[in-house]
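So that you can tell them apart, the chains are marked A, B, C, D and E in the order they are listed, and the count of residues begins at 1 in each.
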């Protein structure tokens, strides 16, 4: 899993039917110091995340192991909203 | 998933039989600001996308979770045509 | 999938038994302008490709969805020989 | 698998229910000379690793092949605590 | 698959039980000209490879398709020892 910040939203009306009902969020990757890491994904929201929140996301086949994504064409899912993380005994982020 | 722009088409007559009937599109990756991201994939079209359109594509095993790609050797699929996306409350792209 | 050019061959006599009968080809990745992309894979040939030919290859679990690779330890397969591809309405490659 | 050092912890109370009970650790990748490799993952701990320890971690679908991660949305797991590793006949790391 | 050279060994006594019996080798990636490619993996040995040998390795879910790795948390496996490879009609490597 990787840490990311929800940066925005994507709207698509013409789509594969199995995507119906998904909220699609643009997630920018964060490094371990809470700086942007350069990459991004468009992830399905499985936990009710909002723009600006720091989240944990999974990619690949593991992204299909949640209730909203199982057996659907999803390769990235937001699976948790991060409360805090620590690196080297120091709190890097607190919600 | 990632955002991309359909840049072109690929034609291949000698191929694995399970690929029969696929439309193969060259998709250039976009970053979150709608600039080319440097990478590309050749993706199977599952939604009737055309050259120049902005799309959402999935890669890896998730690309086999659509009707046209299930149980076939596909590692990239165009699963939606993007209407709009927003980053930081600002509309970056409108179809 | 990605575009590549078959650059060479690999011979290995001591190997996992499930690899028996495979033709192993060195494939150099091409970018959308038919220039070397820097990367390569050793791929199983599923279509009778030869050195110098431009091919389409799949990676990851999708590489196991052909007749010669199913349920075998293959993470890259040549699945088609490319006839032509176009980018921006211009033919980049013609066999 | 890759070598990494456990750098910290992540706490998330609002999450996909299948994540319940996981210990989430920030793991910084190491290169073969025991220097930081630049990347990181947030991995599920399957072996009782602690901050500062050198570990082996798996990513992708293989990360779901342990008792604590099976059929759950996990794409990175700490599967071993490293005792020693050698490169070129020289011991690079000893616990 | 990728070409690599076995550079060393990893020992881990505290580990996921499904790893029992594996020989873990540090494999440095090679490019098509037999130069180090910069990356590495720790791979399970399925063919009796030794330090210094040039091998072919698979990653991802395909790494679980050998007898010693099936249904286990393995994301990289050495599946063959390379005898020779050729690029552009020239032999780059001979064992």
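We adopt the following convention: a residue touches a chain if its C-beta (ideal position, glycine included) is under 8 Å from a C-beta of that chain, and two chains touch if they have at least 3 such contacts.
Just so it is clear, the model here is predicted, and its values are computed rather than measured.
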Open item on the list: On the document's contact criterion, could you list the chains that touch chain B and likewise touch chain D?
Closed with: A
Task: Interface residue overlap between copies chain D and chain E, same or different (over half shared) - done: different
- [ ] Just send me the rotation angle from a CA overlay of chain C on chain D, rounded to the nearest 5 degrees.
- [x] 145
Task: Between chain A and chain B, centroid-to-centroid distance (C-alpha), Å - done: 20
Task: Between chain A and chain E, centroid-to-centroid distance (C-alpha), Å - done: 32
TODO: Please list all residues of chain A that touch 2 or more other chains.
DONE: 60-61, 63
Open item on the list: If every chain is a node and each touching pair gets an edge, what shape is that graph: line, ring, star, complete or other?
Closed with: ring
Task: Running round the ring (origin chain A, first step to chain D), the chains in order - done: A, D, E, C, B
Open item on the list: Under the definition above, what is the set of chain B residues touching chain C in their complex?
Closed with: 7-16, 18-19, 24, 26, 28, 40-43, 51, 60-61, 63-64, 71-76
- [ ] Could you please specify the touching residues of chain E with respect to chain C in the complex?
- [x] 1-3, 31-32, 46-48, 56, 58-63, 65-67, 77, 79-89, 92
